[in-house]
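In the two complexes that follow, chain A is the common piece, with chain B as its partner first and chain C second.
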Partner chain A sequence: MRRLCLLPLVFALTCAESQPYGVEIDGEQIPVIDMHLHPGDWDSIPPETRSYLTERFPFPFKLNAAKLAAGILSPSGIVEELDAAGIHAGVLFAVYAPRTVGIATNELVIRGVGQYPRRLLGLASLRVDRWATDSASQLARLEAALSKEGMIGIKLAHAHMHFRMDDPAYFGIYELAGRLGKAVYLHTGSSPFPGTSREPAYTDPTYLEPAIAAYPQTIFILGHLGYDFANRQPGALEACLELARRYPNVYLEPSALGSEGSDPDGENFKKTFERIKESGVIDRVIYGSDGPQSPGFVATYLERTVAAMQAAGYTADEVRAVLSGNFVRVFGREWLIQ
Partner chain B sequence: MTLLASLSLALCAALALSQETAAEEPAAVEAASGVSKPGRWLTNVSAGYPWWSARLQLGLPRGLSPLLEVNTALGRRWRPAVGLATLWVSRPHLRIGGEALFGWLLQGGDLYRVGPNVELRLRLAVPLRRAVPYVVLGSQHTLLSERFTTEREGGSTTRQIRLGGEWMGWASLGLIVAATPRLGIDFGVDLTGADSLRAPSIPGAHFGLVFGDYRRQRP
Partner chain C sequence: MIFFSSIALRRLRGRTILAAPLLALAVSACFSADHRLYELRLTGEIDVAPGFPAAGRVHVEVHHQSRGDGPLLERPLGLIDAFELPALGPVDHLVTVPIDEGEGLVVYAWLDLDGDGLLCAPGAAPEPSAAVEFPDQEFLNEGAHQLDFALTLSAPCIGPERALDAS
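Moving on, here comes the complex of A and B:
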């Protein structure tokens, strides 16, 4: 009898182990790397933003958001989300935006990457809210973080961190990235979070052009494709495409804008991928989700992205380029998807 | 689809248990219809995920029942309330009634909410011999206030109160089986639409006991 009871469990475990990673397109298994994941400490997020995030959790989970977040925001929770989505590897972001989305330290990211060296990589960040007095020490700390194994770039979000995209006082960050051979990921477009800057100088990637032109050795990844999250509109998409066309060091990342909340019917997301294809910059798109957000989001976002690409007429090779090929070309580490 | 399947299941179970209408009404019928006969009382205590609740109702003339109720979701959202229930349709195999409750919402955590709460309910019960399938639809409204204090560099301070509201819709679909005339066993599924119907919710379920002061009716 006991043996009979164990059968379903054994069957479930066998099925779970044999589930292939990647997404199947035209009978071909395509590997996936998610370059935009947020680990975190719930208590380091400002109360207004915690409320904003909590509202998105399903009832009754929202009644105990801290407990749910503690599980899902940990490196192990994120790896579980990657597993559930069939994603090979992910990139954790450090964040220093104490007045808006909170803090996820470089140390937290480095620990997570160390815990899962074959599944996770990391982007470091730095504080800029006391830049006039401590820029040198912040840059030194950033450089130290970037020297750690698996740390492949820098995360910046001008709208969350309240500094202009065209302010030369901060160009030292791009110089450092270029010197170390690291990429810079930048949030572009408006942000839905409370307390963020919504003026064009903080959201429109056109304002990044002086930095992009001044540091050709630095790779700039324009996150969210300039999406206007406040109004659920493509926002600065055309500016992103134009920069990618004109500068070989510009890449694009389509995270969050295609989510259920940001684009309920998926129409904007589909048009975005159509415009990417028409602009001839598919080889510049690196996939990211902006997860984990809530349980299952990482998997759902991948499904929505693949659906949008298929609706936009992408071939299997083009889907492969977006989901992992371009990432491997920029960052190497082909072993992540083997 | 889940609702329809659950409703069908509940009705089938009820029909299987029923044979003919009893001359006396067990406490289970009064619990499902929300109204007690004059002079009678009952308690209904249920536990489940995410809702737990306790209710005491009394029977008054004219088909009215005052009630006291406390419910909680995961021990994090509490709503004690008083209310009044009435029956609009009272037939042997059909009860339709309504309830109005006035309470106070107390919710902690990141979605801190405290404020006066009003709820309107619609109840439909189908009394069969020993089983009573029921559906309850509720619409809960809470008045919320937020206090803001703005301190300016010049030293002036402004205080503001901003009023807002929260709506919660819910539905419960269940079956109360009369184990004895005084004792009923309640089980059902609960669906909650918190804040708005657009917000996703996880369906829940509850199991409860009904205990009433059953008295045999005079012929």
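Moving on, here comes the complex of A and C:
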């Protein structure tokens, strides 16, 4: 009996090893880079958010969420998820949002990137909750983190970190990014996490326009395409598309909005990719999943993304641009997908 | 999970309320801890600095001054309540404070000059805001169930996160 159970497992592992990385479209193997992955430490997440996340873990993982998180949120756990999904490389995000999603330090990300230099890159971040007194030291620490090997940009989430997108007091972050040649990734749209800011000044990328215009040398990546996660609606999608059309330093990232929880029937996701194509900004889309979330999510999200692009009539070249081509054009490092 | 009875809340107004009374005991397996709520009467005056128009609804937020434990998760602010006033002038509002979830109190307000419900929407005229803080737990002292404040809205387009510095 035991042997019978093991046989399919051995077969599956053998097959998995023989699968090439990437996704196959029209007989062409297309490489994939996932630019949005969260390492973490369960104890650095506020209790309210830990409860929220635990409820979202599938059974039986929710029975021991801390143990699951310790494995899947580690760099090795994330690389395992990339392997299972056939994804060449990923980008780890540092996060400093103590009121909402918690803390994943720059040091944690730098260690992960150092552990897997051929597979992982990183975005650094900073605290902004005591900006009047420590902005200079926070910017200095951010600059130091960005000087490390494999650190390619800055992660911000105004709704989670509670600062207005149009407040010039924080524009020094964009200035620093431009000066160092690093991109800035910004969460746009509402967020389902407890304690987030839901006012438009914290979620609507329209409020970012003064910064985008003031720092043309800085690349702004609008995460989640302004999706309204609270109401499962496209939200500020059109504002994101308009900014991408008008500003060459604006890029778009479609993570999380196409998940089963955020768009159960996949219709919003498909329409999103249709609108991207109609707007002529496919060359600005950089793929990300917002994983690992739960085991298998990274792979499932890639499948749902490819399905949405195919339903929206994307060619193989257009799929390639979204899944890795645009990333390589912005960040270089073509060796990641070779 | 927070659970309390509105009847009990009214009866015990002005006192520390243990929000896990008998009914909660009956289903105590669902609760990890008691949540103590303290009802506080906020009274005061909100006006605007010279140079700004003085017409419009006033949006008010009440925050803890700080929340969270430890060097990583301790942080400023934590929303407790939000309400609107029809105009500048006197304030008299009851707020229920979860006293174990944070320290101190901050009252933040802004004036909605164009009536769109948004503080300084893109292209709109600057709208003034301000905040006042009560770092000590003086409002929790026995017998001090009322907190008086005065707020002059003077900083344009500033959210609660920077209003204390800008005021």
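Assume the second predicted complex is superposed on the first by the 322 of 338 C-alpha atoms of A that agree within 3 Å, B and C clash if a C-alpha of one lies under 4 Å from a C-alpha of the other, contacts with A are read in each partner's own complex, and residues count from 1 in each chain.
Keep in mind that, in the parts below, contacts are C-beta pairs under 8 Å (C-beta built on N, C-alpha and C of every residue); 3 or more make two chains touch, one makes a residue touch a chain.
In this text, all values refer to a predicted model and were calculated from it rather than measured experimentally.
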{"item": "When chain B and chain C are modelled together on chain A, clash or fit", "value": "clash"}
{"item": "Which superposed partner A:D166 touches (first chain B, second chain C, both, neither)", "value": "second"}
{"item": "When both partners are placed on the shared chain, which of chain B and chain C touches more of chain A", "value": "C"}
{"item": "Which superposed partner A:I103 touches (first chain B, second chain C, both, neither)", "value": "second"}
{"item": "First, second, both or neither for A:R130, with chain B first and chain C second", "value": "second"}
{"item": "Touched partner set for A:P58, first chain B, second chain C, both or neither", "value": "first"}
{"item": "Which of chain B and chain C A:R50 touches, first, second, both or neither", "value": "first"}
{"item": "First (chain B), second (chain C), both or neither touched by A:T206", "value": "second"}
{"item": "Contact residues common to both interfaces of chain A (with chain B and with chain C)", "value": "none"}
{"item": "Chain A-touching residues of chain B, taken from the complex the two chains share", "value": "49-50, 73-74, 76-77, 107, 109-111, 192-195, 199-202, 204"}
{"item": "Residue ranges of chain C in contact with chain A within the complex", "value": "67-68, 72-79, 118-122, 157-159, 161-162, 165"}
{"item": "Chain A to chain B touching residues, read off their complex", "value": "47, 50-51, 54-56, 58-66"}
{"item": "Chain C partner contacts - residues on chain A that touch it in the complex", "value": "44, 46, 98-99, 102-103, 128-132, 162-164, 166-167, 169, 195, 199-202, 206-207, 209"}
